[in-house]
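I've put the structures underneath this note.
Presented sequentially are two complexes of chain A, the first with chain B as partner and the second with chain C.
Take a look at the complex of A and B:
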């Protein structure tokens, strides 16, 4: 199927009863926010700074409210149905990876409702950025994992690849706006996708990393890598697979709420015990934790690496701590 | 022009001294226009040292960021000095830390690096996107020369340097035990014309401007962590009981955070611009800092980070201090 770009606004408007989120400017950078005017969408420039995980796992999310002295709690209103438009394949793959955690031993009710209520309309990356390495992590600029529809930008129109039942439902409501794609269109899309994959120049073979990490627990590389680390939350907050959160209470007048909010293993008070003891007392242990969690613990539990190669942590680290550089050091270190 | 061989020879000589623990400088980064802080502990490390228009990090942050591990029983604490390379703005951070007694003079060995302006990576990447190969840069006759994969390119300095460099009045280090290279011309003016456009707006317009910016803050605290003047052992932002500023991320708490951060720097900010450089959502924090610098300058004729013998602004008192702002 094919959707002419000038019909995009109508396509989005034809989706009944769902809030559409898409990459739009918030301040100076892109993030996924509710679309009120489709003209504000920026689907073709670089990937959003804040990954779309923020829609299904908001940075701050109210769990319930309560009043001082009362014993009952009021759970938060369940969120409605959403469509995430313009999701990059790496970020969609990341959501499937994060699902492992939130649907592990117990289904996380807050995540469950947002995740099952969301449909993902992806956009193939045709101009990957310098630090993209999705092809090394099992994905690609046109990977369909986790997506309900994949769009490929053909210039005047989008080629639609409907991937799931959810995707079909979305198309049904906008059937009149879609036209049949020709085999030339499909061929053109394939060419663009292949060209994009070939443009990705940063590569690594991470297959040996999970086995090497436990042996490098006490290696001096961690102290060296973390020496310049500032201990800020950029790499984890903007990582599409990082999912740690903290829970806090906030009181205003008589009313209080319990909310959860993103947390980062790079922060000094992360896992700080009430006794004052911290099992990860310095940036060395915190950096080691970030890498081990992604490439060792996660693999042990869920058989997949918690990194999709989106490149955000490399692009935005203030001091050029480069996850590919770390992985090659891990790969080269004598065991 | 800076002679890298001389710099590396100086570094080797420095780290060979008995009273030096290690040297903090810069090295080429892993790709494109990036550089990285570089901790030089041996002669081999010294070979990677660089100083160029790409050396953006203010390394003074590491003087207070380095974690002190417990000294084993019976062992003596390592009291050797840390050698640190500083640009003009960075040197002001060292002075301000000395003034506040955050560090001791005998604990640092300052290598001054006169600086003609540091490249703003965002400005450069707009002109030269998609650069993976490592690029070297240097100052030459008022221009910045880049060895790009496509060949050599010269950019007028003012087109690609950071905003802070356009207003910089201290390109030459204000404190140094040894200096690398020649002193450079001071180009910045003493005025605050750069924030005029924001000051002339009325309160509602200014709030609309800041609300939009602050709304995009993700509270990663990179602005605080990179700041060489943010070195409190326990930061107000990390306090949970009482939680002066909530962890929840919204306009109200974000504003409280950004205002607390800016006000804690009143009379202390040395305008290295690191907070603005590292912000992943590009909040123009220097506007806020510049406004406070202006107020401090106009109210108290005080410029922080210049004189190591000075008293901190808020710890000093002069009978003729202006009081017009007291209601």
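Take a look at the complex of A and C:
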């Protein structure tokens, strides 16, 4: 199928009863927010600063409300269906990876509702950024994992591939806006996708990393890697596979709420006991935990690495700590 | 969705009774607000206790499931939430959700002699199992309890330690304090040294220990010296936790979440994990 770009606004408008989120600038930050004017969408520039996990796992979300002194607890579980438009393949894969955590053992009720009620319309990356390394992590600029529809930008139009039943439902309401894709269109999309994959210059073979990490527990590399770390937490906040959260109570006037909010294993308070004991007292232990969690513990538990190679932690680190550099060091250390 | 389906929503509870154990430890007896049972649990399991709108934290359940109708939590005044919990009065409304984690393997302990080694507030999780075993006395062998506190005034569950437990069949309580007061006639010294001095035989014995991280570390070293086997030593760990259901991330030791895979671990299991607790 094919969707002409001048019909994109109509396509989004034709989706009944769902809130469409897409990458839009708020200030200087590109993030997934509700689309009110399709003209504001920025699907073709670089990937969003804030990954679309923020739609199904909001940075801050109310869990329940209660009044001071009252014994009534009112849940604030989410409702409504969403469509995430313009999701990059790496971020869609990341959401499938995070599903493992929220659906492990006991379902997380808040995430479950938001995730089940969301559909993902992806956009193939045709101009990967300098620090992208998705092809090393089992994905690619046109990977379809986690997506319901994949769009590939052909210039005047998008090639539209329906991948799931959810994707099919989205197209049903917009059938009149779509045209048949020719074999030339498909060929053109394939070439663009292959060209993009070839453009990704940063590569690593991470297959040996999970096995090497336990032996490097006391290695001096952790001290070296973390020496310049400021502990700002940006690498985890904006990581599409990071899922850690804090829970706090807050009062405004008569009403209070318990909310949860993104947290980071790079913060000292994250593991600080009330007694003052901290099992991960310095940035050395916290950096070691971050890398071990992504490339060893997560693999032990869920058989997949918690990294999709989106490059955000490299692009955004204020002191240029580079996860690929860390992985290279892990790979090269004598055991 | 109501309480039953949403695991992050606390159940409503009322503080029925408060006992001042030591200058900074209180035991709260908690009942379900609707008069029923909050939930079934096993010795060693934990629960999240909420005081609105201060917050929520994980506490081990110190009561034994053999004594029904209530839950008890021994709480040391340490941080923001525990300070607030120390200020409430009987009748206060709180939230409780759980139970979380795996309890002590009390079936595996049947027929064995049991050695409990505790320090400070960490008697709380041990007490649940001690009372469970004493309420099923015929199923367990000799019970020895070594317990230490900073001073005589800091001994928690004083009535049980000094009066009730020593009166039970084949049950022995050995107490020590870090610093003696004029009225203290018992042992003075740290728990690991006291353990080595008492030198109980490891034969046919299962050891259950809990205390401050530094005490656990040295107790485990002493037990190794005394030829106790790692698979016969159990401890229960504490970590900062938020969700209790393996999502929020922070309570991991290696790939194990203390809230799901713990808090009870055998030393043999701990030896397989990174030394990060």
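The criterion applied here is as follows: the second predicted complex is superposed on the first by the 334 of 335 C-alpha atoms of A that agree within 3 Å, B and C clash if a C-alpha of one lies under 4 Å from a C-alpha of the other, contacts with A are read in each partner's own complex, and residues count from 1 in each chain.
As a working rule, contacts are C-beta pairs under 8 Å (C-beta built on N, C-alpha and C of every residue); 3 or more make two chains touch, one makes a residue touch a chain.
All of these numbers come straight from a predicted model, not from anything done at the bench.
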Fit-or-clash call for chain B and chain C when the two complexes are aligned on chain A: fit
Contacts of A:248 with chain B and chain C, given as first, second, both or neither: both
Partner chain in contact with A:50 - chain B first, chain C second, else both or neither: first
Contacts of A:205 with chain B and chain C, given as first, second, both or neither: neither
From chain A, separation angle of chain B and chain C (C-alpha centres, steps of 10 degrees): 90
Contacts of A:274 with chain B and chain C, given as first, second, both or neither: second
Chain B versus chain C as contact partner of A:285, first or second or both or neither: second
Partner chain(s) touched by A:194 [first = chain B, second = chain C, both, neither]: neither
Closest Cα approach, chain C to chain B, once both complexes are overlaid on chain A (Å): 5
Residues of chain A contacting chain B in one complex and chain C in the other: 246, 248, 250
Contact set on chain B toward chain A in their complex: 29-32, 34-39, 57, 61-62, 65, 67, 69, 130-132, 212-213, 215-216, 218-222, 224-226, 238, 240, 243, 246-250, 274, 277-278, 280-283
Of chain A, residues touching chain C in the complex: 63-64, 66, 68, 71, 73, 75, 77, 101-102, 104-106, 108-110, 214, 217, 243-251, 256-258, 260, 263, 265, 270-275, 277, 279-280, 285, 289, 292-293, 296-298, 300-301
Sites on chain C touched by chain A in the complex: 1-2, 5-10, 12, 33, 50, 52-57, 78-79, 81-82, 93, 95, 212-213, 238-240, 242-243, 245-250, 252-255, 260, 274, 276-277
Contact set on chain A toward chain B in their complex: 26-29, 31, 49-50, 59-60, 129-131, 201-202, 224, 227-228, 230-234, 237-238, 246, 248, 250, 259, 261-262, 264, 267-269, 281-283, 314, 316, 318-322, 324-325
